[in-house]
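Note that the chains take the letters A, B, C, D, E and F in the order they are written out, and that residue 1 is the start of every chain.
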Amino acid sequence: MTKQFTHLDSSGAARMVDVSGKEATTRTAVATGVLRTTAEVIGLLGADDLPKGDALATARIAGIMAAKRTWELVPLCHPISLSSVAVELALGPAEVLITATVRTNDRTGVEMEALTAVSVAGLTLHDMVKSVDPAASVTDVRVERKEGGKSGLWVRP
Amino acid sequence: MTKQFTHLDSSGAARMVDVSGKEATTRTAVATGVLRTTAEVIGLLGADDLPKGDALATARIAGIMAAKRTWELVPLCHPISLSSVAVELALGPAEVLITATVRTNDRTGVEMEALTAVSVAGLTLHDMVKSVDPAASVTDVRVERKEGGKSGLWVRP
Amino acid sequence: MTKQFTHLDSSGAARMVDVSGKEATTRTAVATGVLRTTAEVIGLLGADDLPKGDALATARIAGIMAAKRTWELVPLCHPISLSSVAVELALGPAEVLITATVRTNDRTGVEMEALTAVSVAGLTLHDMVKSVDPAASVTDVRVERKEGGKSGLWVRP
Amino acid sequence: MTKQFTHLDSSGAARMVDVSGKEATTRTAVATGVLRTTAEVIGLLGADDLPKGDALATARIAGIMAAKRTWELVPLCHPISLSSVAVELALGPAEVLITATVRTNDRTGVEMEALTAVSVAGLTLHDMVKSVDPAASVTDVRVERKEGGKSGLWVRP
Amino acid sequence: MTKQFTHLDSSGAARMVDVSGKEATTRTAVATGVLRTTAEVIGLLGADDLPKGDALATARIAGIMAAKRTWELVPLCHPISLSSVAVELALGPAEVLITATVRTNDRTGVEMEALTAVSVAGLTLHDMVKSVDPAASVTDVRVERKEGGKSGLWVRP
Amino acid sequence: MTKQFTHLDSSGAARMVDVSGKEATTRTAVATGVLRTTAEVIGLLGADDLPKGDALATARIAGIMAAKRTWELVPLCHPISLSSVAVELALGPAEVLITATVRTNDRTGVEMEALTAVSVAGLTLHDMVKSVDPAASVTDVRVERKEGGKSGLWVRP
């Protein structure tokens, strides 16, 4: 086993890895996650994806804003400029599917930004529904696809 | 169905609900979550819970710091003082179990703070392991137990 | 003229004034402001206060979140806990009236928090409409009423 | 009427628009605003633009720092690098005229950054003078001129 | 040797210690530090403590604002409310003496807040003078005195 | 004496200087500082640089995260992207030597970022050891070397 974590130096100390040699190119990442809740909550959130109030908008905004702050939250992420962020919410029978798409023209990939957008949108939904469903959970937060940079296209197997 | 979301007013507009009438008492919340990854990653993170480098410490610190910033991330959370935050990480065969315990002496519960600590510790582990396991996921982020305030003890059913 | 600014000491140096001798009591402030724009923009924002998309929700959320960060923006404001924040938007013929109501149980008044909520809600509306009306303005941002603390009730004359 | 808000997608959901196709060029924006107050306050702030203490400096600094945080406050603004920020304050008989000039070498215009600098400088002045003039207001916050990028020069009509 | 760091649990993991059992009382801390520079720089900063421009005000404001953000910077510090913050700067022959005084009515001492105010005021002065004196240093940042809470008065020996 | 501070305009007002005419090139800065403490504290921190718990990791992480936030703390610093940040800690008989190395591909040097990383790592160590050594100090925070940009290499004389 010769693999190792790029975020640790040879002595095991954490560091923000050097990306000064990488090219600034267009990079995109898509991440998803799920808020598991109850049918009752879904009924309160909307019907046929028609929201009954600001709940879904609040979660979308929270996710977009969090994507921009990823480097403040995740200690070894680089501060980068983001070219676009979109957060989509789709209502299922007893869950909300969260999808975040993030793009940059910078030196590192943006999968952490997409994952952060999904997580914080999920936390915001959790906060919104907790008075009705305290047992809700945010689950399956993961990268679906990333593109651009030297490593090229990665699609979830 | 007469339940409704306390974060929305009668017209559906988002608001930060008024807690000025609630008492400042000791409140505690415990949340958990899981980073699903591979046995190879667990081997790189440590053995017998003996970390091989700063990776676990980085995730613990990130979780603690994020708990304090919950109100900046989740739009309708109240800014509150926190009395204590602890984040524990336990290595399983192909996963890391994350547990956060948060306490306050304030007017609202701290389950969102505990959930945020778990989520960001999970995102930080994800960031750390992604060069080895890009398919990792953060899952089952949920409240296990909360105590204090008018609603008293809630334990996950 | 014997009045002076409480934020400056006798040598003129800025300081955060000592409120440790003040009592923690319930204090409320209401501030208002106006986005001046065009009838075309108002038509795009909604009709009969029925929003056509997330624009109004985005401004409400931005205002609420900014109220919580007032002490990060205004150098001599105290970091305080907020008990509630609400931002209301009402559409006029060629303007949006913004009203923010903020409450605390702390040692200082919250008029700066209410003014900050109005300003940032106004900036967010400005950002939203600028592709259609680059000449919009945010105007008449002011305190309407404040209550609580030693100075009691103040109503705009 | 075929115009629409670029910040909303076809379903009305808020998003951070994609600027990855735009060129990074030098862009400048100038915004202004006014703190309306009393002659007494202007006397306390200074004479012949000679400040009597840190009040004007505090507002200038607050405006500059806020310009850099625009993307944290206005939900759909892009995080961008700023090449320069200047905030000028001029004392009138019963008002302070605030002018902010912001420049970038990035993919979007900086009018929101200039407007945010003006607003927060205005809020800071408001905070400073409120013990003497609680009825002050921040008014006429607007873009005067913007330059650079595909849309070229725009001057307030 | 039985002493140990309160910020680490028995396994050595970092945690934010529990202060929920401590009383909220008035606590004060004074910290100092020095910017070591050249006589030329002191001449540019002012004469007889009369500043020639915004340099000293900028450092004072930066120190005050940083005190409020201590808990965002120092991972295991508690988020607390501050009752007052003052930063004083005194010009010596080839140095600036920085003194910060911070007060709270909360459950923990504020020496870290005072130290952070001194450090960031020092960094800001360093930034200001670096075009003239790149070899400047910030030195002797330390607590002079702290008062209040169970441990009572501590004065630097 | 014709030198002057670039951060002040001709009237003495603070401003963020215009770097739009500078080239985006690779720039590196190294800064150092020292936590002066006791032999007892060094014994608690580790032996032969083998840490006994998370204390050193916490300081490293805090320093790295602070480097990214320099522009939020130091009022006239530009918000820039950082390509790498590393913080090294070496234990001496009664002190910890802190070294930070920061790199960017942007329009300004990164000595302030390196100094901020050192300062906040030092403050975090101070926080960690203060229960055992309240008289510790952070000292000799200074630039050792900077490289890149028009001014080229500077090494501390």
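To be clear about the criterion, contacts are C-beta pairs under 8 Å (C-beta built on N, C-alpha and C of every residue); 3 or more make two chains touch, one makes a residue touch a chain.
As the structure is a prediction and not an experimental result, all values here were calculated from the model.
Common neighbours of chain A and chain B under the contact rule above are C, F.
Between the interfaces A-C and C-E, more contacting C-beta pairs are found at C-E. Look at the CA centroids: the one farthest from the centroid of chain F belongs to C. Shared numbers divided by all numbers used gives the overlap of an interface; between chain B and chain F this overlap exceeds half, so the copies present the same residues.
Rounded to whole angstrom, the centroid-to-centroid distance between chain C and chain D, based on C-alpha atoms, equals 16 Å.
Spacing of chain D relative to chain F, judged by their CA centroids, is 31 angstrom.
Mean C-alpha positions place chain B and chain D at a centre distance of 36 Å. Along chain C, residues 13-14, 54, 57-58, 60-62, 65, 69, 72, 75-76, 81 each make contact with two or more other chains. Those chain pairs judged to touch are A-B, A-C, A-D, A-F, B-C, B-E, B-F, C-D, C-E, D-E, D-F, E-F.
Those residues of chain E that touch chain D in the shared complex are 54, 57-58, 60-62, 65. Contact residues of chain B toward chain C in the complex are 9, 13-20, 71-72, 75-76, 78-81, 106-107. Those residues of chain A that touch chain B in the shared complex are 1, 3-8, 11-14, 33, 40, 43-44, 52-55, 57-58, 61-62, 65-66, 69, 72-77, 111-112, 115-116, 119-120, 122-124, 126-132, 134-143, 146, 154, 156-157. The touching residues of chain D, counted against chain F in their complex, run 26, 57, 60-61, 64-65, 68-69, 81-88, 103-105.
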